[in-house]
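Letters A, B, C and D name the chains as they come in the text, with residue numbers starting at 1 for each one.
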C-alpha cells in the first residue's frame, strides 16, 4: 500500500541527526575562518563523533555490526548531515554506502573476517572506491542514441605475480581517498573480458594518495597512484563486484545519496534565509512580510519540497525494484531524474537565499557563499545535467546500449 | 539610427582591448587566487592603466581629464571586464565619482581635489553609503526619521564631527578621497536629514577597518570605514546640508548621472564577462573533442552557444543604447532595466559556459570558476528585488 | 512504512481507465472538428459510459453505492481521464468529489434517502457546488501578511419563509452547473455568523443556469441565478458543511484533483510528442535521435515525473493528516505546492511538445494547440500562481489569519 | 552611436501608430473571434493600409514604391503589431518578397510584375517553401538527394510542368503572385536540384486547398497550394535552374536580405506584441484595485512589470540594432539571434501579462487570450531548435 508514513526509527534517527547537526556541527562548520573555500578543512573530530553514533556504518547490515539502514533512511540522514556540513555528509555517506556494498554484498567470508574488524574498530577507517581514471571520457554526448565508437577501458592493470596481484595505474577523483583505510580498486586483469575489483589497504606498498586542493567535490577526494602496488591474491572480489560498485546493473537507479546531500545544502540555505527574513527589518517591517521576499522563499520551499519527494522516491525505488516491475513506479532512471531536478532547484534556492542576505550573501567567510558554491559543485557533478538529460532521453526512447560500462563509470 | 563608433570611441576601445589582453588577462587568475582579501590588490596594474587614461577618463578636459562620453566609457568598461571584471570595476569606480564631483561640487572643491586626483596615478575615489545594518533602507528611503543612515555628523564651528561606521565600501582600503553620507538631522526623515561630505583619507579620526572577503571580484577592495570623532571642514559639504539624497539618489541621481552611471557601469561590466564567456566557449567547442568529434558537432552545445550569444548581443544592444541616452541626457528607466538585465544575463551566460566546460570529474577550470563567482556579485547589486522595484518606480514616474 | 507500491486495485483501475481512454475517448475527443476551442462540446455519451463504469461515483463510499476510492486513487483516475480529455475528467472528478462530501460527509439520513437514489439512478445526474460569486476578490494579494481589511461575505442570501428557504443571489464559475442534477449552494442566512449550505435540485423553481461560452475552465461551467428560489427547510446541510465544501478546515491541503487533471494534460502532450518524435524523420534520422529533441522530451519527462510525485504526495496527505502531525510529511500546503509546480511543469511540457510538431503545433484543430490551451487554463485557475506562492509564503512564515473564509473560496 | 530617428523614419512611425490606433485596434478582437479561418481576413483594412503605403513600402522608389530602409520597416512593423500582430504580418509579408524581387529578379521580370503589384491595393505576395512532410529538412538542407522538396517541376519546351503540394503557406489564399520552390532534379542534393519559380494566382493547374486554422495570428491567411500539371513559363524561373537555395537560403539569403528580413520581421513584430502587453499591464496595474489598493502597490506586480519592460526594452535595442545593420549591409548572426530572442521574450512577456491580469475566476480577458496565442506562433517559426541551430552556424561562419 502506498504510504508516506516514516517508521518510528526513521523519525527518530532524523531527529537525532538533526539535533547533532544543530548542537555540534553547525557551530563549528559555520565559523568564518572555516568557511573560506580555499582551506575548508575536514572536521575530523565531528566525523569521529558521527562514527560513534553509527553514521559511518549506517547502511551496513545489523548482523555485521551496522545499523542496516535502507536507502531511504540513508538519504534522510545524508540530507540532515549536509544541512550542517556537506563535507561531513559526503565522507560518511560514502563510507556507509561502500560498507554495505563491500561487506554485505561483495566480500567472501575470508575477506570479511580480515577486514570487517578493522572497519568496525576504527572511527577514522573510511572506505573509498577507486573507479574513475584521469582523462576518461564518460559522457554520452555525441554518442547519444548511437553505439559508442570505442569501449571505455579500465587502464589500471592487475597482473598475477606468485601469490600476489601487482597493480599499476592512476585513479582520479576518488572520494574519501585521503581518509580511507581501505580502497576497492577497479582494475583490468589482462585476458579477462570485464573489469575486476581488488581490495587494497591504504598502507599497501606502492599506493599513494594526493589529496586535491580546492576540488569541486564534497568531502575529500584525491588522486590515487598505484605503482607496482602489491596485494595478496585473496583480495580479489567476486566477478559481480565491478557491476555492484559501478552501478552498472541499474544505471540511473542507484541510491540517491548525492541528491540527498544536495537537498541538505538547499535546505540549509533556505532555512538561513528564512531565519534572517524574520529578523531583518526593512522599510519598517521584517523582510518576510515583503511580498518579494516571501515569494522568493515560498518558491524555494516549493522546489525543495518537490525535490525531496523525487529523492525519496528514487531512494525507495532503489530498494524496491518490484515496484518498477509491477508498474507502481515509472521505469525511468529515477535517480538521474532526482539529480537533474534537485541540482537545479537547490541552485536556485541557494542563489535566492544569498540575495536575501544582500552583500553578506557574496562574502567568502559567510555561510551563503558556501551554500552557493556547494550547490554549484552538485550541479557540476557527474557529467553535468546536459548529459544527464541525454541519458533520460535514451531511456524514454527505449534505446538500449550494448554495453553500459561507460555509463556506469559516470555514476550519478 | 547609427551604431557606428566615432574614431575616438574606436580608439579608446582598441586601447582598452590591448591593455586588457596584454596586461590584465595575464595577472587575472593569479590575483583571484590570493586568499587574503587585502593582498589581491595590485598597484602596478592601476598605475599602468592610469597612465593610459583609464583612471581619469571621465574627468572633463578642462580639469585635465579625458572628457570621454558615456558610450566610450561603456566600451572601455566592457573591454577591461573581458579580461577581469574586478579590475575593470577598480578603474570605473573612479569615473562614477568623477561624474559626481563634476556635477555637484563647487569650483573651490573641484580646485582642491581634481588636480590632485588627475596628477596622482594612485589617487582613487570612493563613496560610503551602506552601513552595517541599513543597506536596502538607504537605497529605497522611506519617510520615517528612525530609518536611514546612522553615521552622525554634528557641527562644531567650522567643522563637522563624524561618528559611526560604513560597511561594504568599494575602494575604501585603497582610496584617497570619499563621499560620505552622514545623518545631520535625525529628527526628520532621511531625505531631509542626510548630508554628503567629502572626506580625504588621512582625516583625523577616520580609518579603514576590515577588508571584506568577497567570493567574486576578489581584486576589487571593499572595506569598512570607521569614524571616531573624525573632523571634516564645513567646506567639504557637498551641496546643501540635508541635501545628500536629493543630490545623489532618485531624480537627483538621474540629473547628475551619479546613480545612472552606476547602472550603466554594472551593465557594461557584465557585458565584458559575457563576451569573455562567449568567446571562450566558442573556442572551446571548436577545439575540444568528445567521443572523437568536436563538441561543436553536438546540437546541445550549439543550442547552449546560441543562447549565450543571443543574450549577450541583446545585452550589448541595450548597453549601447543606454550609454547613448546618457550622452543625450535622455533619462529614462532604461539604465536601470539594463542593469537588472545584466544580472540575469551575466548569470545565465556564465552558467551555460560552465555547462559547456562541464564534465571534468571533480575538477573545475579556474577561469570558469572565477567568472561564475564574479557574475554572481550582481545578484545583490543589480538583480535583487530592491533594485528592480526601484527601477520600476522610474517607469511610472 | 513508507511505500510507493500501489494496491492491486489501484493498478487495475488505472489500466481499466487508460484502456477506456485509448479505445473510447481519444478517437472521439481528438477529432479535428471537436478540437476547435470555440465549440468544444462536452462528450455526453462518453460521460454516460464513464458513469456506468463507476467513475461518476468513484469517491462515494462503497456502502452508499460508490467505489470508495481514496484521494490517491481518485487522482490516478483523473490523470488518466485527462490524458484523454480534460473536460470529461473535470466533470467526473467534480461529481465524484462532491458525491463523497455530500452523501458521505454532509447529509443527514433524510437528505440522503431523498437524494442518493436520484444520484445513483441517473448517469447524467451530476453534482455542483455553487460557492463563488461574481466580482468577489479572493486573492491574498495586497493583504499578504496582514489581516484583511474586510471579510469576504457571501452575498447570496437564504431566508426562511414558512417551511421553505427562499434563496436570492448569483453564483459564477460554477463547475458542472450546466449538467448538474443537484447544487450545493453556499448562502448567508441573515443573523448567522458563518455561511451555510443549501441543497438545491436543478429543477427547483427560481434556479436558472447560463452556461459559459469558451470559458477558461475545464469541463463545463456557468452562472447560476437564484431568484426567489424555494427549497424545503430540510435541505439545509449541517453547520460544518460550508467548511467541508470550501476546504476551510485545511486550506491548501485539499484533494489535488485539479492538479492530477493538469498532469494528465501534460502527459498527453508529452506522449503525443514522443510518438511523433519516433515517427518523423529529419536529416535522415527520427527526431528522437536528435539531441535537441531528445533533451526536450527528457526535460518534459523529468518534470512530469517529479510533478506526479508532488500530486500523489498531496493526495495521500489529504487522507492522512496523521502523517503531517507525526512529521513524516511537511506541514506546508502540499496541494498548493503541487498546483504551482505542476501547472508550470505542464505548461512547459505542452509548449515544448507543440514545438516538436512544428506548424501542426499551432493549429486549432490539432491536439497540441488544445493541450497548450488546456495547460494555460490550469495555470490561470484559482487566483494564479503569484497568489498561490503568497499563500505558501504565509505558511512558511507561520502567519495565521483570523479567518480563512476568503482563502477557502479561492480553492486550489 | 546614434539612436535618433530621421524625420522620415519618425513620420512613418507616427503614420503607422495612427493607422494602428484608429483602424486596426478597433477590428482586432472582432476578427480574432471569427471561427472559420477563411473569414477572418478583411480586405478593407488591407486596402486602407495599402493606400497609406504599408503594402508597398519596401519596393524601391524607381519601381513606384517608397523605398524605405530597414529601420523604418522595423518601426512600422512594431507599431502595426501593437494593435494586431497578424495584421502587421499581413502587410510585412509583402515586403519580404518585394525585397526578393528587387534582389533576384531580372529587369524583365520586375517589369512584368512590380508595376502591377504597386498599382493594385489587393495585390499580395507569398512564397511556397514548406511541404506537408518536409519542414525542417528544407530549412536545414542536408546533402542527400532523397531529402528536400517533393514538388516536381519538369521542363516541357518553354514551360515547366509543376506537380505537388505546399502546406502552411502564408498569404496563399489571398496572394496574387508566389515564389515557388520546386525540385527540378531529384538525382542531386536539394542544394543543387531546386529551382525557384514565379507563379501568379490563376496559373492553370494551380489552386489553393484548405486554409489552416491557426490558434494565433487568426487574421493572417495560411493555406495549402496544390499543383496539378500547373504550367509555368520558363521566363518565370528566378535566377538559374537549380539555384533556388543559393538564391534564398543560407549565405544567399543573407546577400539578398530575403532570409535576414524574415528574421528582423519576426523580431520587430514580437516587439509590438510586447509593447502592447507592457502598456496594457502598466495601465491595468495603475487603475485596478485589489483589496482596496492599486495593484501597482504590490511588490510582486512591480517585479512582474519590471521584467516585462526589461525584456521588451532589451528586445527593442536589439531589433533597432539589427535593422540598422541591415541598412549598412552588415550581415552577422545578429538578425537570427534577435529572432530567436523575440520568441523567448514574446512568450515570457505575454505570460507575465496574463499573470498580472490573472485572477478572474473562470473568465479570461479576450485581449490577453489573443496575445498569448499570437505570441505562441513564434514557438515554431523563431524559437524552435532548428531555427536556433541554424543561427548558431552563422556565428562560426
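Everything below uses one rule, namely that a residue touches a chain if its C-beta (ideal position, glycine included) is under 8 Å from a C-beta of that chain, and two chains touch if they have at least 3 such contacts.
A quick note: this is a predicted structure, and the numbers were derived from the prediction, not measured.
Across the two interfaces under comparison, C-D and A-D, the one joined by more C-beta contacts turns out to be C-D. Greatest Cα centroid separation from chain A: this falls to D. Averaged Cα coordinates give chain A a centre that lies 40 Å from the centre of chain C.
With each centre defined as the average position of its C-alpha atoms, the distance from chain A to chain D rounds to 51 Å. Along chain D, residues 298-300, 303, 385, 389 each make contact with two or more other chains. Residue positions of chain C touching 2 or more other chains, listed in rising order: 290-292, 295, 386, 390. For chain C in complex with chain D, the residues that touch the partner chain are 36-39, 132, 137-139, 141-143, 148-150, 172-173, 212, 215-217, 221, 280, 282-284, 290, 292-293, 296, 351, 354-355, 357-359, 361-365, 369, 372-373, 376, 379-380, 382-387, 390. Across the complex, chain B is touched by residues 1-6, 9, 71, 282, 286, 296, 299, 302-303, 305-307, 309-311, 313-315, 317-318, 320-321, 323-325, 327-328, 333-334, 337-338, 340-341, 385, 388-389, 391-393, 395-396 of chain D. Put simply, chain A touches chain C in their complex at residues 1-7, 10-11, 72, 144-146, 274, 277-278, 288-289, 291, 294-295, 297-299, 301-303, 305-307, 309-310, 312-313, 316-317, 320, 322-323, 326-330, 332, 334, 337, 340-341, 386, 389-390, 392-394, 396-397.
For chain D in complex with chain A, the touching residues are 298-300, 303. By the touch rule above, chain C contacts chain B in their complex via residues 290-292, 295.
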